[in-house]
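Each of the next two complexes has chain A plus one more chain, namely chain B in the first and chain C in the second.
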Partner chain A sequence: MNNRKLGKWVGGFTSFALLAGLLAACGGNGNEASPSASSPAAGGASPSASAPADPTQLSGTVKVWDWDETFQNGMIPEFNKKYPNIKVEVTVVNPNDYLQKLQSGIASGSDVPDVILGEEAYRGKLFDLDVLDNLEGAPYNFDRSGVLDYTIPFISNSRGEVVAVDQAITPAGFAYRRDLAKQYWGTDDPAELAKLLSNWDDFIAKGVELKDKSDGKVLMFPGLGDAFLVLRNQNTVSYVNGSEVDLTAKLQQPIETLFKMRDAGILGKNELWTPAWSASMAKGEFMFYPMAPWGPKWHISANDPEGSGRWGLVKAPEVGFARGGTAVGIYKDSKAKEAAWAFVQFAYQSEEGSLYNFQTFGNMTSNKEFYEKQKALFEAPGAYDEFFGGQNLSQYFLQEIIPDMKGQPQSKYDSVVDGVFNALYPLWTKDASTTVDAALEKFKTEFKNKASDATVK
Partner chain B sequence: MKALMWICLVVISLLSLFPFYIMTVMGTHYNEDLFKGIPILPGSYLQENLKTVLKADFLHVYGNSLIVSVASVVLATLTSTLIGYAVAKFEFKGRKWLQTFVILTMMVPTQVGLIGYIIEMRHLGVGNTLWPVILIWAAFPFGAFFMIQFMRDSIPNDLLECARIDGCSEPGIFVRIVLPIMKPGLATLATLVFLWSWNNYLLPLVTINKSEWYTLPIFISNLGIVHRTDYAARMAALTMTTIPVLILFILGSKTFMKGLTAGAVKG
Partner chain C sequence: MNVNAERYDAIPAASRKRRWGPRMWPYLFALPFVLTYAAFQLYPILYSFVLSLHDWNGIGAKTYIGFKNYVQLWTNDPLFIKSLWNTLLMMLMFIPLTLILGLTLAYWTFQLTRGKRFFQTINVLPYITTPVAIGFIFSYMFDWQTGLVNLLLTKFGILEEGFYWLQDPWGSRAIIALMVIWRNLGYFMIIFMAGMTVIPQDVYEAAKVDGSTGLHTFLRITMPLLRNITVFLVVTSMIGGLQLFDEPKLLYGGWSGSAQVGGPDNTALTMIWKFVDESFISNTRFGYASAIAYSLFLLIVLFSVISYRLTAPKEDKR
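Let's turn to the complex of A and B:
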C-alpha cells in the first residue's frame, strides 16, 4: 500500500516539476523580447570610416556594456538625433567584473554586447581573448592615421590590428601645489617649473631642496606608488613577445629611478587610494600628483574641494605618459556590426559626438581632425581652468604633453605586472634597504607565480 | 563572576554591532570625507546619498531582489522538505545512493557548474531573466541534506505509523503531521536561503545582462563607479538592504536557534 501511495506522490511531484518548467519557459519567452539587430544594406550604400551614407537607413539594436550610465544617458539621445532607427541598450557593468561577465557570456553562448569596453586594468587581457573585430576591415574601414599617433598601441592587439577606439585620451602630467612651489622654489609658473624639472636627476635634486627647505614637511610624491606609475608608463618599451616577458627591459630603469628617489627621502609613505593618500591633497604635504584629463574633476577637486586656485599642471620630467584610459571595440560575432560601429564612431570619433562629449563630460577624443576644426573650443577656458589658477588645461595637455608621448603596446601580462607591483611596493616602502637587483628578482619570482605560462627575463 | 560575564557580553555585542553602526553612519557622510578618518557621529549628507541611490532605480531593484528571495525560499524549502521526507522516512531502492548523491553534489563548488548552468538556462529559454537566479534553488543539496537529518532526528516513525493506521492519506500526513513538527527546521532553512539568495553576487552577475533585472548586490556594486567610487552612497544602499534581513532574523531568531541546535542533545 505504501508503494502505491508513494507512486502517487512521485507522479504528483513529476507533474509539478513539468508544470514549473513549462511556466519558466513561458516567462522566458516573454522577457527575452530583445529583437535581434538587423542592419539592411541601405540601397547598396557602403558605410565608410567617417559615417554611413544615410544615417536614417541604418537600423537595429546595439547592446552596450558600460559602467558610465550618465555618459550613455546623455550620448544616446544625441546619437538618436542622427540615427533615429538604431536602438542602443545599455547594461551597467562594473569594470571589476567586466571581463568575468564577458567571458562567461561568450563561453555559455548567451548574451554578449555588441560594443565592448576595455578599461586599462584588463585591456590587454581583453585584446588577447580575440573577441574584438579588426576595425580597419569592412564594414568599419577605420583609418588609423586619423587618430593621435601615440594612441595606436593602446588600441591595437598583439598582431598589430586596430581593434578599438579610445573612449577619451588620457595623457598625463603632474598636478602640483602652486602655493608650495612658489614658497619653496620661488615660482609657480608651469613653463619655468618644466625647465627646472626637465629630467629625473633635476627632479630628485629639486626634491631634496624642497625637503631641506621645508624641514621635511613637504615631499615630492605621496608614495612609491605614484612615482612608479609615472616611471613605468614612461617606459613604453614592448616587453612581451608571445609568452616571453622581458621584465628587465620594462622595469629595471623605473625601479632604479624609483629607488634613487626613495633613498633621497623625497617620497612619502602613503599607498595609492588609501584614506591618508586622499586626504594629503588638501593638507599640502606633497608637491605632485600624477594627473590625466579626468583628474581635475574626480581626483584633485574631489579631495581638495577648497583648493581652487592653488593647483597647477606641469609635464613630467623627460616625457609624457598615459594614465588610465578605456578602449571601445566591437564584438566579432555581433549581429549588428554596422549599427554598433555607427554608435562607436558617433560617440567617440565624430565631430558632433566629440563636441558633446567634451562640453558635457570633459572627455577629449583621439580624433586629430577634431582639434584642428575646433581650435577655438580649446582656446576658451575649460570647466576646471579656474581651479588650476587660470591655466588652460586642455591646451597644456595638447601642446606640451601629447607631442612627445609614445604608446605602450598592450599585453595580457600588463595586469599581472600591475598586481605584482601593488603587492610589492608597500614592502619596498617599509624596508628601504631593498636593492634594485633584489627588488627586480623578487618581482620576477612573484610574476612567475602569477603567470606560470610565461618565460621571464 | 556575573559582572565579568556581563562585561564580556557587552564587549562582544559592541564589537559585532560596531560595523553595522559604522555602515549606517558612513551612509550619512559625503564620500570624500570618509577618507579623513572613521566617522563616529552621523553626518548631514544622508539626503544626497539617498538621492543618488534612489535616482538609480533602487526600488525597482529592491523589488527584483524580494521576488528572487521569496521565490527562492518557497522553491528551496519545498524541494528540500520533500527530498528530506522521502529519504529519511521511506524505504525505496536507491535511497542510500540518493543520499550519497546529495552529499556529493554539496562538495562541488557552484563556480564549477556555472557555465553549464548558464547553457542549461539558455536552452530552457530563460537566459537574461530572473529565472536562473531562482531556479538554482530547486536543486539545493545543502537544504536536502539538512532536511534529511532534521526529519530523521525530529519525526518519530511511530507517529507516522499511527497516522497511517488512523487512515490519513500520505499527502495528509506530510501536510498535517510532518510540516508542523518541521517548523523550526523550515524557519532555519528559509532564513538561510533568504539570506544567501539576497546576498548572491556571482550568479546574477553572470546570468543577468539587463539592468532592469539586476538584484541588490549587483546594483550596489554598480553605484557610483565612474572614476571615483561613491562608498557613501553604497553604504546608504547597504543599510537599506540589510534592514529586511535583520528584521527577518530578529523575528525568526527563536525558531532559528532551535533549528540550528536541533538534534544537538539527542543520542
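Let's turn to the complex of A and C:
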C-alpha cells in the first residue's frame, strides 16, 4: 500500500514537473516582444578603444555559423595564436537555409550566433532584418575608407550604415577557353581579347563570327542565366527606394542586351548549375563563363580537371561586375561583441589573417592597405595561375577589373528579383519569340505577386 | 477514456479508495502524451492562428491587423489561388492512378506463388528512397539537353528535338505526379495486400462453388471487401496530396544555390511551397504565412470530410 501511495506521488510529481517544464518553454517562446535589454553594456572591458592593446586580455566565447568548415578549422588556430583566451565555436549551417535558421533562432529566442554570414542570395534580406550592428559605432569603430571603395554598397544596409565586412572580394570577369579563342579568333591573349570585346555590340558580332566559323558548335555563353547575371550585376543602379522598386531602371537594359544575344543565336540552352552546364566546361562547347576569384577552384578546375593551361581570364565588355560574395556581420544583441569583432577583424581584415586567407584558400581581402603592404605576394604566381596558362589572376583582377567597378546597393528585394529571374529565364530560352516589353511586363507581374507591399515601376 | 469511466461506473464500487485509485491512473498515464500534445501540437496550432492575425517578420514588433491576411490571401493573391489549383490538379493526376495501379499490382502480386517477396521488396524500394535522391533522379531523367528520356525519344525518332519537360506547364505537373506515383505505389500495394490477407478464404471458396471466376471475383468480392482500406488510402493521400512539397521542390531546387521557386510560370507551385516561399524564401512574412497554413488546415479538414463521405461504406456515414 505504502509503495503504491509513494508511486502515485512520484507519478504525480513527475507529471507536474513535466508540465511546468513545458509551460516554461512555451513562455520563453511567447516573450519575444521584449528584447533583451542587456545588449549595449555587454563586455565592458574596454569600451572605447577600437582595438585592444593586449589581445591576451580579451576573453569570451564567440559563436559562428558558417558553411565552410575547412576555412574555420584553418583560421581559428591562427586566430588563437594571437587571441589565446577567445574561444570560437563553429556551427556548420547550409547557406540555403541559413536565413531561415537564423530567423527561427531569433524569433524563438534560442540559439543565435554572434558572427552572422550573409551570402549574396540573401544578403539584402539579412541587412533589412535589422539584426546586425553598425560596425562604425563602438566597440568596433570600423573605418570604411580602409576597404576598397566599390565594396562599400555591398556591406551597407538601406540606411547607409556599414553592417558587415567582406569575407573576400568577388570582382568578376570571364573565364575563357584559350584553345577555342586561338582557333577561331586567332589570339588567346587577354589584352587582345579585351580590345576585341570592348563593348556588347562587339561581343555579339564576335559571337556571330564564332558561331559561323565553328558551324554552330561553339557559342559564347552556356545559357541565358550566365549572360544575364553579368548584365544585371554590371547595372549597379540603385533601384529601390523604400517600397518603391524601379524594375525598369534595373532590368530594361540588361534584358534588351540579353535578347539581342539570344536572337543572334550566340547563347546555349543550359540552365545554370545543371549537370549539362557543368559538363560543358570540359567539352569546349562554350567560350565564356563569368568568373570571380573563387571560380578557378570551385568552378572551372572542378568541372574541367584535365583542362590545365587551356583557360584564361579576360574582363567583361564595358565594365567589371561582382559575382557572389559573402558579408560577415555581428549580431546586435550579441553578448560577446568585442571578442566577435576581434575574430572578424582578424580573419577578414588584419594583415596576418588576410595573408593566411590568401595563401591557404585564395581568398582576397577587401582591405586596401594589405595590397600596398603585400605587393610582392600578388606579383608572385598564385595557386591557379598555371591552370590559367600562366596568367597572374589576382593581378588581373586587381589591376584590370577592380578599378572601374561599382557596388550594388543592397535591398531585400534583390532575392525576389533573383527568384523571379530564375523562374523566367528558362521560359525565355524555350520561347525565343518573347519580346523585351513582354518579358519586362511579365517580370513586373511576377515580382508584384511575390512582393505585394512594393510599388513597381 | 469515456469508455473506461463508464465501465468502471458499471462495476459495483467496492470502496471509495478503490474507486478513486483506478480513476486517477488513466489520467495520470495519459498526462505525458496530453502535455506533449499540448506543447508541440495544440499550442503551435493556436499560436499560428494568433500569428495569422498579425503582421510579423519574426524579428521586429508584431502588429495586429485582424483578418487582413486572410482577405489578402483569398481575394488578392493570384499566386495562392494558383498554388491551390496546381495542388488539386496534381492530386487529381496521382491519387486515382496510384489507387488503381496499387490495387492491380497488389492483386497480381498476391496471386503469385513464386517470387512474391521479391516483387514486394522491389516495389517498396522507391518508398524508402530519400526524396532528395528522387528529385535528382527525375531531374536528370527529364533534363532538356542531357536527359535520358529525351535521348531515347530522339534516338528512336519519336521527337526531332528534345522536349523541355521541366519548363512546360503540363509537363512539370505530370512529372511531379509521376514522382508521387512512383514513390507511393509500393506503399499502396503493401496496404492493399494487407487488406487482402484479411479476407477469409472461405468467401473465395464459396464464390468458386457458385461459379465466380477471375475478374468477377475481383470486382464483386475483393474490391468491396477492401473498401475500408481504400477509404484509409484515399483520405491519407488527400491529406498528403494537399501537403505536396518535397517532390516539386526537389525537382526544381535540387541543384545548387540558384533554386527556382514554383517551376515554369509557377505551374508547379504547391500550397506548402507557397507557404515556405512567403515565410523564408521570397519574403519573411510569418503572419501571412500562418494565414496560408491555417487556410490549408481548414482545406485539409474539408477535403478529408468530403473524401470520407464519398468513399466510406453507407452504414459508416454518420
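In this text, the second predicted complex is superposed on the first by the 406 of 457 C-alpha atoms of A that agree within 3 Å, B and C clash if a C-alpha of one lies under 4 Å from a C-alpha of the other, contacts with A are read in each partner's own complex, and residues count from 1 in each chain.
Just so we're on the same page, a contact is a pair of C-beta atoms (placed from the backbone, for glycine too) under 8 Å apart; a residue touches a chain by one contact, two chains touch by 3 or more.
Note that the structure is a prediction, hence the values are computed from the model and not measured.
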Open item on the list: So in the superposed three-chain picture, is A:64 touching just chain B, just chain C, both, or none of them (first/second/both/neither)?
Closed with: neither
- [ ] For A:347, select first, second, both or neither according to whether it touches chain B, chain C, the two together, or no partner.
- [x] neither
- [ ] Applying the touch criterion given at the start, work out whether A:336 contacts chain B, chain C, both or neither, answering first, second, both or neither.
- [x] neither
Open item on the list: So in the superposed three-chain picture, is A:92 touching just chain B, just chain C, both, or none of them (first/second/both/neither)?
Closed with: first
- [ ] Quick one: classify A:314 as touching chain B (first), chain C (second), both or neither.
- [x] neither
Open item on the list: So in the superposed three-chain picture, is A:100 touching just chain B, just chain C, both, or none of them (first/second/both/neither)?
Closed with: both
Open item on the list: Let me test your reading of the model: by the given contact rule, A:275 touches which partner, first (chain B), second (chain C), both or neither?
Closed with: both
Open item on the list: Which partner chains sit in contact with A:452 here, chain B, chain C, both or neither? Use first/second/both/neither.
Closed with: second
- [ ] Look at A:298 in the shared chain and tell me whether it touches chain B only, chain C only, both, or neither; answer first, second, both or neither.
- [x] first
Task: chain C-contacting residues of chain A that also contact chain B - done: 8, 12, 25, 29, 95-97, 100, 104, 107, 274-276, 279
Open item on the list: Per the contact definition, I'd like the list of chain C residues that touch chain A in the complex.
Closed with: 21, 24, 28, 31-32, 35-36, 38-39, 43, 47, 57-62, 72, 76-79, 139-140, 143-146, 164, 166-168, 255-266, 277, 279-284, 286
TODO: Would you tell me which residues of chain A are touching chain B in their complex?
DONE: 2, 5-6, 8-9, 12-13, 20-21, 24-25, 27-29, 31-32, 34, 63, 65, 67-71, 89-97, 100-101, 104-105, 107-111, 113, 274-276, 278-279, 294, 297-299, 302-303, 305
- [ ] Within their complex, state which residues of chain B touch chain A.
- [x] 32, 34-37, 56, 82, 90, 92, 114-115, 118-119, 121-122, 124-129, 131, 135, 138, 169-171, 205-207, 209-211, 213-214, 218, 221-222, 225-228
TODO: Would you tell me which residues of chain A are touching chain C in their complex?
DONE: 4, 8, 11-12, 15, 18-19, 22-23, 25-26, 29-30, 33, 95-97, 99-100, 103-104, 106-107, 119, 121, 125, 129-131, 225, 269-276, 279, 415-416, 418-419, 422-423, 426-427, 429-430, 446, 449-452
